[in-house]
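What follows is a pair of complexes built around chain A, which joins chain B in one and chain C in the other.
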Partner chain A sequence: MRKRKYTIPTYFAFAWLGLAVFLAIFGSFLPVDGYQVIHGDFIDSPPLTPGHWFGVDSNGYDIFSGIINGARLSVFIAIVSVGLGGAIGALLGITAAYYRGRYDSFINSTFNVVLSVPNLVLALALVAVLATNVDINEAVPTWRRLVTLIISLTVVIIPILGRIARAATLAWSGREFVVAARSMGMRDRDIIKRHIVPNVLPALIAVGFLAVGVVIIAEASLSLLGVGIPDGASWGGMLARGRNDLEYNPHALYIPIIALAFTVISTNHVGDVLRGGLDRREGRL
Partner chain B sequence: MRGSFWVQRFAQLLITVFCVTFGCSLLVQLLPVSPAEILLPVGSPEERELLTKEIGLDRGPIGYYLKWLGEFVQGDFGDIYYSGGTESVSSRLAVAFPRSIWLMIYTQVLSLAVAIPLGVWSAYRVGKRADKAISNTLFTLSSIPNFAIALILVLILGVRLQWLPTLDYQPYSAGIWEHFKHMIMPVVSLSVGLIAAYTRLLRADMIAALREDYILMAASKGLTDRRILWRHAFRPSSVTLFTSAALNMGALIGGAIVIETIFATYGVGFEVFAAISGRQYIALQSIVGLISIFYVVFNLIVDILAGYVDPRTRDRRVNA
Partner chain C sequence: MTTMMSISDMYVRFETPFGLLEAVRGVNLEIPAGASVGIVGESGSGKTVMSRAAMGLLSGSNVRREGKVVFNGRELTAMSKEEVRNQFGTGMAMIFQDPMTALNPVRRVGTQISESLRVRLGMDKKQAMQRSAELLSLVRIPDPEAMLRKFPYQLSGGMRQRVMIAIAISCNPELLFADEPTTALDVTVQAQILQLLSDLRRDLKMSMVLVTHDLGVVANHTDFVAVMYAGEIVEQASTTELFANMKMPYTRALLESIPNIEMKSGARLKVIEGRLPNPVDRPKGCGFVTRCTYAQQKCHDEHPPLVDAGNGHLYRCWYPLGHTIARKQ
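Take a look at the complex of A and B:
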């Protein structure tokens, strides 16, 4: 087994992502106030105030609690959409590349069509249509917004990861061991399961990390535009709220930005490192 | 052979545009409420009936699409419905398009102007300290979302230092400096990510090109490094770069939604957002259709240009 050597930034990236996932899962059990508790005496206090290390915004919301709570939503949305999108994309991409023919050209051109619409436009349009209420004056409940958001972001991810899966499968399905397995009469399902998926998966995981970054940014963008999860619950929502108050409380803006940027830098970096490892592996063959 | 390639390419273009716009019109059909009810919230049933007929919604999904397509081809992009009346989408776009085009052009020019020297330089010094510094800095910067950069710029340059206006757009007629002053922050925030992406592409291609035999040949002829870099290595390496730049053109017109909203530039991206949040589905369908046309047309142009820059690619493009 080849020994992997990571550099210090890679460990930082893993540590940060680990922390984010930890907060996403266990954040609600930590002894931290809810993010919507109003600290009336501390309104507008800057970072490093004792008890409110990240400061308090002009509504009296503690920013530290906001970050921890936001991690839950932002990371949850990202992981679920990339997981779902990756699974569906991989299924479509792998089968398309394996069976070729008309099915393949149909899937491939569908991916191309979806990709020709800018990410955010697609997500926005889907959110708008899916979250439309019969009665205009009735607010859309939060859980439905969450589901809509996840569905829309999943649709954005499917062609991105699907194309990667397709390209990787195309490269692998011509290899000798696949041909050998087929000539020995192995069933297509088993070939895909035993020979294709294990080889395609590493590339998919590497790009999946990049996709998590894309989704976190997309979710924040939607929140900034006012169609995300309401009440500033996610990091993007905190940005949207902090943006209105950037003259007097810049920390309400830059602290969520830092959290967001660190996360995206980490996912991109990890994705990059994994992809680099793949290239080396390919190079050895 | 060459002729059939362009026919195929053009057919692909039409099919993509058709699929995108038909998808949009299906979305309108999928709405849980009748669009007429959304567009005329206080109208009487007769008025809604009239509107449904006018948009063509009574003709079924295909009939509706064909009616929309017929008008779209003739340059009638439908109307935006207000409580007081209607406004044509084309008149809105006539204002928004130039803004987005300028934004796109400045962003591309700035990104390429910075990325090309950086990419060539870091490929020339590959593995050295300069290369690593450039790559790492750009990698970090590119991971910061563009709206975050925009908000930080607003905070520092707009609010603290008050050097630049944070909102609005000014046309050329208001003075060149006024025009640029309003463009600097949106353009810079859109450019950062592109600079990183372009530099990376160019660097990778340049490194590969510099390993080719003809570079060794050129060097052994005694040509200067500068000449080898720019004349012999840059030209064939620039194809991927310009392809990706062209793909971004479509995305920049219409995709710069957040930046256009933050800086109140009100280009096409903002119109998309306004159409969505105002539930103007017919306008949305037309604008998204136009954006996808831009996207595929730029794609096609780049394919043609790539053939001129690097003749080797002319025969290799099969299923782009």
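Take a look at the complex of A and C:
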């Protein structure tokens, strides 16, 4: 088999995503201060200050620590929502395309309706409904905010990946090997598991990377609007906290923005590369 | 001789945006136990649809199937889906035309052969792999152990078709449908595969339905032949009787369009001019009328019935070959 050649941006994208995942998993074990330690003497220090290489924001929080801690939340939320949304979407999409009929029409039109609502509006509406208390004076606990956020983003992802799964299944389930498997007495369940899923999975993984980018942006936007995880813990939260100090402390904004941008560009790029690889393989068959 | 499968009054219709497409129109066919029956016809004559409908493999909301199929004394068409599924693999199996598309490109040969053994015969993984290797040597694949680990794209067309055959015979079916098993292969491999099928049929005591467009294949590998045209059986007889005493101008034309090694080099191959009638809007007379050298006015006006020449030789023609009027004009 011919070996695929990657370009420098691809290596960079993989390296960046690897770093982000590494920080998400091991960030809290690194020898850096907690993100909520206040460095009173360094408030508003610019980047490259010794000891605070990314600078310090107006609250005295070290931005480097913030980025490392934010990676944990942003990446964790993205991976969980895409994983969950992908699994549910794939289940619905694959069964819809395999069994067709009314069930398919129902699933497909539901996907379309959900897709017609802008991602952010949908997530915002879900968060607003799910993460409010009857008693307005009682604060919503952080864990409930987190769960709500993940559920909302999952709902955003389900139709995106579900449609991909449905389209891929439509293409594969018409193939002769599905009829061949049926002619040997295989059950539908086994055919889906053994013949459809292995063929649909690569496309789903490729689009899944794109979806991770979508979720990271959506989460950051929600945090910016103030309905994300409180205390400005995620990258989006850092933006929300820093936006009032834009004039005299711009790095508190642009450093998390760069982190977000690199991550989203990297996921998009990796998704594209994987998809390109799939097209080539399809052509060779 | 007992009957393995009998098909009676089978109609298959597809609902299309252009109208109801009648792919199979009133086919009656008996497959005697242990025999090999050839179904011959050009592309679009309904032979593939007929064999798939007989097995109950056609699916889709736009398919309408009518008629009765009796398999091994039990009526397939009256069975539940689950009961029909239980007949697949162990009772009847099918070999498909294009072994590339009929094998899953992302799964290893060994997994694909062993899955029906595991699901249908309840073997464990090790047993199934061992049996798969035996099956591969049965279809004369050298070094079967190595073959188990390969992916379909690593194999040649002939090897893929052998793998397909190994899958089809894995659960010892009593009736094997071979749907143009050699069309996608080159000529030397064709001969090997057909010989293999004939040998397997004899050794495993299977009945076989061989679907093909090649009368030459039928002559060597079948006991009975049914010629299909435009969704109908137009001639049916034992193979020896058919070739000795051909009745249908269409069968003759099919035979003449096979290239012959004794033809002068550069000589034009004889073809059947024209094409099949529109399957959505069938003409009222004989379906072959526009392409037939012997066509008369009656052929345009009236649909010929299937008649018996007396010795089980059925044909559907107003002026069969050997008939005096046909000869004169």
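In this section, the second predicted complex is superposed on the first by the 283 of 285 C-alpha atoms of A that agree within 3 Å, B and C clash if a C-alpha of one lies under 4 Å from a C-alpha of the other, contacts with A are read in each partner's own complex, and residues count from 1 in each chain.
Assume a contact is a pair of C-beta atoms (placed from the backbone, for glycine too) under 8 Å apart; a residue touches a chain by one contact, two chains touch by 3 or more.
Model, not experiment: these values are computed from the prediction.
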Answer with first, second, both or neither: which of chain B and chain C does A:R194 touch in the superposed model? second
Which partner chains sit in contact with A:I38 here, chain B, chain C, both or neither? Use first/second/both/neither. neither
Which superposed partner A:A220 touches (first chain B, second chain C, both, neither): first
After superposition on the shared chain, which partner residues are touched by A:V147: those of chain B (first), chain C (second), both, or neither? neither
Spot which of chain B and chain C makes contact with more residues of chain A, would you? B
I'd like to know which partner A:A15 touches here: chain B for first, chain C for second, both or neither. neither
With the two structures laid over each other on chain A, which partner does A:I25 touch: chain B (first), chain C (second), both, or neither? neither
For chain A, which residues belong to both interfaces, chain B and chain C? none
Counting only contacts in the complex, chain A reaches chain B at residues 109-110, 112-113, 116-121, 124-125, 128-129, 132-134, 136, 213, 217, 220-221, 224-227, 239, 243, 246-247, 250, 253-254, 257, 260-261, 264-265, 268-269, 272
Residue positions on chain C within touch of chain A in the complex are 52, 55, 57, 59-61, 85-90, 93-94, 96-98, 100-107, 115-116, 119-120, 153, 164, 167-168, 170-171
Where on chain A does chain C make contact in their complex? 100-101, 175-177, 179-187, 190, 194-195, 198-199, 284-285
If we count contacts the way the header does, which residues on chain B are in touch with chain A in the complex? 15-16, 19-20, 23-24, 27, 30-33, 38, 41, 139-140, 142-145, 147-148, 151-152, 154-155, 159, 250-251, 254-255, 257-258, 261-262, 269, 272-273, 276-277, 279, 284, 288, 291-292, 295-296
